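Chain nomenclature is as follows: A, B, C and D, assigned in order of appearance, with residue numbering initiated at 1 for each chain independently.
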Amino acid sequence: MSDSTAIASGAPAEAHHEHPPYQRHHFESVEQQFDATNFAMWLFLLTEVMFFGGLFTAYLIMRNWYYQAFVVGSHQLSIFWGTANTAVLICSSFTMAMSVWSAEVRRRKSLLVYLCLTLVFGLTFLGIKGIEWHEKWEKHHVPGMHYSVQSFVNPQSDPEVYKEYQDKPLAPDMAQKTEEYFFLYFAMTGMHALHMVIGVGILIFMIFRARAGAYTTGHVTFVENFGLYWHFVDIIWIYLFALLYLISRH
Amino acid sequence: MSAATIVSLPDQSTARVPRMNFLTKENGLLSWLLTGDHKRIATLYLISITFFFFIGGALAGLIRLELLTPQTTLMAADTYNKVFTMHGVIMVFFFLVPSVPATIGNFLIPMMIGAKDLALPKVNLLSWYLYVIAGIMAIYTMAAGGVDTGWTFTTPLSTHYLNTHVISTGLAIFVAGFSSIFTGLNFIVTIHKMRCPGMTWFRLPLFVWSHYAASILMVLGTPVLAITLVLVVLERTVHIGVFDPAFGGDPLLFQHLFWFYSHPAVYIMILPGMGVISEVVSTFSRKRVFGYTAVAFSSVAIAVFGFFVWAHHMFIMGISNYAALIFSLLTMLVAVPSAIKIFNWAFTLYKGSITFETPMLYAFGFMGLFTIGGLTGVFLGTTGTDIHLTETYFIVAHFHFVMVGGMLMAFLSGIHFWWPKWTGRMYPEKLSQLAAVVTFIGFNFTFFPQFILGMLGMPRRYAAYPPEFQALNVFSTAGATILGVGYLLPILYLTWSLKYGAVAGNNPWQATGLEWQTQSPPLTENFPEIPIMDHEAYDYEWLEKQQEKEVASVG
Amino acid sequence: MDHISPVLWQFLRKWLEHFALFPPEASTVAPQSDALFFFMVLVSLIGLTIVVLLIVGFSILYSKKRHPQAVQIEGSTLLEATWTIIPLGLFLVMFVWGALLYFRIYTPPANAMNIYVVGKQWMWKAEHPGGQHEINTLHVPMGQPIQITLISQDVFHSFSIPAFRVKREAIPGRYTTVWFEATATGTYHLFCTQYCGTNHSQMIGDVIVMTPEDYKKWLESSTSGNSLAQDGERLFASLSCSACHNARPDARGPSLANVYNAKLTLSSGQAVTADDAYLRDAILNPSQHITQGYAPIMPTYQGQISEEGVIALVEYIKNLDSDYRVQQTLNTTEMLPENEGGKPAAGAKAPGAQKEVKP
Amino acid sequence: MSEQNIQHEEGHHIVSPATYLIILLALLVGTTLTVLASYFDLGEWRIAPGLTLFWNPVVALAIATGKMLLVVLFFMHVKYSTKLTKLTVFSGLFMFLVLVGMTLADYFTRAWGRW
């Protein structure tokens, strides 16, 4: 109801107003344009929630079935890198929020700085993720690609992890189920990283546009909406960190 | 019957289709391929879904021909399997899901709420391109040898036991899914944010309400299907995954995730059709829809409850008996809003002034067939009878009654109803009435015997069957030929009418919707100036006054 | 009939003789299922008639010719309530009735005779307790509740006997059950109703219902020499199960005597009932089913035994009613040629290796 | 232009950098807490035989949810948004819980009442 009255009051004003250049012809006002695209972004995030929802459901069920395998599987992940990555992503969320603020108060320089910082943090995250994945690759923990259960049937063969957790050896059938854990690990972090890569791509595009001053003339919609996306990706990671790294340490 | 008609056409000797309209605004292929105009995108969609409908229909014809005889006479079993799989995939994902929303809905929603366009025209165009890409992938799949999983992709059959093109089909549906997400998203934003002054929620045409409900389902359900298909594809490529028990996965998990989308998907398909029926029934009985709010809220109720019933596809699959009880109970609840709608439409006729033009005939067909389809759905939602009837031709007949008898009838009704608005020209009335009747008869001949076959226990997806089922199958195939004629006729005369149809004028049906208060075909901006909604939906008295005013001002 | 060509006439006659409109009712549950079905048909017909009458009636009464001016009516809360509550009430009746039927069909009576059925692409294999094996046929006696324990070896199949109004999905990796009691002798269709690949439509068979006397004769004439439990016993011995599950005081595995349907406590603290599904799972995924007090040393037999083998083992374990019976198996094991010298290691004494099994 | 600016400011709450900084610190503290918590065995709660609640996952998920709320409310400005946005966020969470909850409900009740 309230938004229709807003439109009504906006309509007559439009008659003697010049359109700002960024207003699309089919919107009655900048307000309406901002509201609509912002709402669209939220709806898109809604679909993203459901998209990851399928993965989370699968994870919860499999974890319940193969609890031991999921425990020792998670012991293979490095808390250090995981925590570092969480911190990096949280910081990038902060810089992203600051970018939105910079755009809102129309400071081109600070917008550029914060966008670049966000980009750096994003790339750092991907780099660390790459290091972690590489380690899995070397230990043959990538499902379907010469997967080896060595670390789980004979934990001593993996001294670093053994030192920390003293895992008991798993029975071979349960050890095989760790592949299930790593399948979900790669599916979830991979899907998340894919979102990061897309985000980084858009960030680069935005930095170029911001240099040209596209977002500091009052038109913050794009920055704001991208911010929503970026924060959403951050939230997914907060949960992935808890589910994949933390909850099975005991 | 046809003596009484509400059709009021302008004087044909002087009338012209307006020279300036959305079709003629710009010329050239590029102006179409890069358009942001919802009406042009709707036109593109209309052409592409018609194409896929006839492919799917041809495949259906092959299925019926094969089932003429108990043996596999026409084609081998695996060919048959590929044919019914492609029939299902194309009809569900490339025809039914986008049929009304992406064409008629796309065309009308901005006009009905008094907006110049959808909120996100580029996303709308993107959605069509995704659809086309998905369509090309589906056609590639067929050309490359097809896929024989059935449209339900049951794991572990689809993940490990077949060597056909599961991956390309899965990806095609994935992409088509995003096309449908973007359409739904666009509708929700548009309906929330783009309504013209005075257009409150309860002045919205019911067509808009039902699209709103369907869009919620698209936005929330489709991503789950997408991730499920991603997992299937991953499982096929790395041979480890969460769906195959041989690797420690659980096939029922696939069923849960798949039906979490695919049950709401039937509401995605039928709700927009219900919207069409609301408009048509109201217009041709010259009456406001009986119990407007009840009909509006029943759409939303279907959308909400539609999410809580998915496991009724799994009653015999070894889900928990208690879960079966809960899901069965919720299924009963979701049946009620459909019943409400049917009765409200019937009572809209009460004390109306009814005429029987083609859209109305199709709408009557819809109401009858959808009633049968809906009620037989209760047979399947009831746990006890579901055991015997599921996975037989009963279920095939049930969803064809809902999808073909319901949705396709609604689609044709809508196409005829808004054809004059879309093209500026009338279709030939007598011929189209004939087509409507032929379709109705053919449909019943085709699908009613299948209920009996199902009760007899004939399983679905059988290329060959025991001989005692033949008689009914012959009936069904005979009916399918009639049905085929019923579907071919419209495409012929509608194409003909593009050039030779009578000029329609702005409002040939004297309908009340905002879309009828502008020229046909509309301008690219829909309205010369943004309208102000100062009356309720379906206010025929307002329309009369309006017309009197016009006559007065002209006089 | 002179003007009909004889070929066509033959064809039509064949057709009409085969023309079925209603499936036979051949089980105790069939009339119950049909009663609900016809109740629903009746309700549907009434509902459809009302809708059609309303549409046709109003169309005639209020056609433009007779009723040129429409009367605007807003709606009626009373009517809305009527057509909300009445259908809801009817649907709820169907729900309760259907739920009762559902539980009846999927809850086998205690005295049911168990037959195992394995679905695989594209055949049904039945394993009778007496050791009779069948493919795509199923002989059952009349008047005796039969429980079918189903499993699939590959993809989803669905075990459907329309004449009995029963159906159950055969799922890979899990037992599902359904039961029926046939009431009329004869041969009935057995279908696979879940699409299962290329020859899905060839996965059909016959259920042959016989009088108990005929059934007995059939059992005798088609015995394979060993009962299913005896097959299982052999397998038990050849897989060296008895090396650990030998009911000795120093055994490394729990004794299996009377384990069937016993309440077990697992090492995770979880309480479970050792039903068919549990026994199967414990053989294939042992580490998830370690009885409290035992070490997780059992290897998995996944991929080493066919589903039929697992069934034989399960059937054997179900029939183990005393430690003495287990010891007997042990003796036969030691006598088997391939197990010479393979004497069970007696040294490894698991601490607290008491019997956890409570009957 | 100026009129539009005012409109813009009204409809659009600008969160101050100080708030962002506080949220950032809170998130980092939350991260530290959840990592630290994972090093301790927080014990379990035996609700019933065979039904045990381990505190570690509960704490980890609770902290994660807290962090999620901070990000959603402040970084994503939901605290300052319209009811419609709040409803959208809520419906997303709700449908997610329906998907997970109703699926798990099936799994957890399968062993019940095998009478």
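General observations
Definition applied: a contact is a pair of C-beta atoms (placed from the backbone, for glycine too) under 8 Å apart; a residue touches a chain by one contact, two chains touch by 3 or more.
Values in this document were obtained by computation on a predicted structure and should not be read as measured data.
Contact with subunit C and subunit D alike is made by A, B. Among the pairs B-C and B-D, the greater number of C-beta contacts is found at B-C.
We define each chain's centre as the mean of its Cα atoms; on that basis subunit A and subunit B are separated by 35 Å.
Subunit A and subunit D have Cα centroids separated by 15 Å. Residue positions of subunit D with contacts to 2 or more other chains are 84, 91-92, 95, 99, 103, 107. Under the contact definition stated at the top, the residues of subunit A that touch 2 or more other chains are 3, 35, 39, 43, 46, 50, 53-54, 57, 61, 65-66, 176. Counting only residues that touch two or more partner chains, subunit B has 192, 220, 224, 250, 252-253, 256-257, 260, 318, 321. Against subunit C, the residues of subunit A that register as touching in their complex are 65-68, 170-174, 176. Residues of subunit C that touch subunit A in their complex: 268, 284-288, 296-300, 302. Residues 1, 3-4, 7-8, 11, 24-28, 32, 35-37, 39-40, 43-44, 46-48, 50-55, 57-58, 61-62, 65-66, 143-145, 147, 176-177, 179-180, 183-184, 187, 191 of subunit A are the ones touching subunit B in the complex.
Of all the residues in subunit A, the ones that touch subunit D in their complex are 2-3, 13, 17, 20, 30-31, 34-35, 38-39, 42-43, 45-46, 49-50, 53-54, 56-57, 60-61, 64, 79, 83, 86-87, 90-91, 93-94, 96-98, 101, 104-105, 218, 227-228, 231-232, 234-235, 238-239, 241-243, 245-250.
Taken in their complex, subunit D has these residues touching subunit B: 84, 91-92, 95, 98-99, 102-103, 105-110, 112-113.
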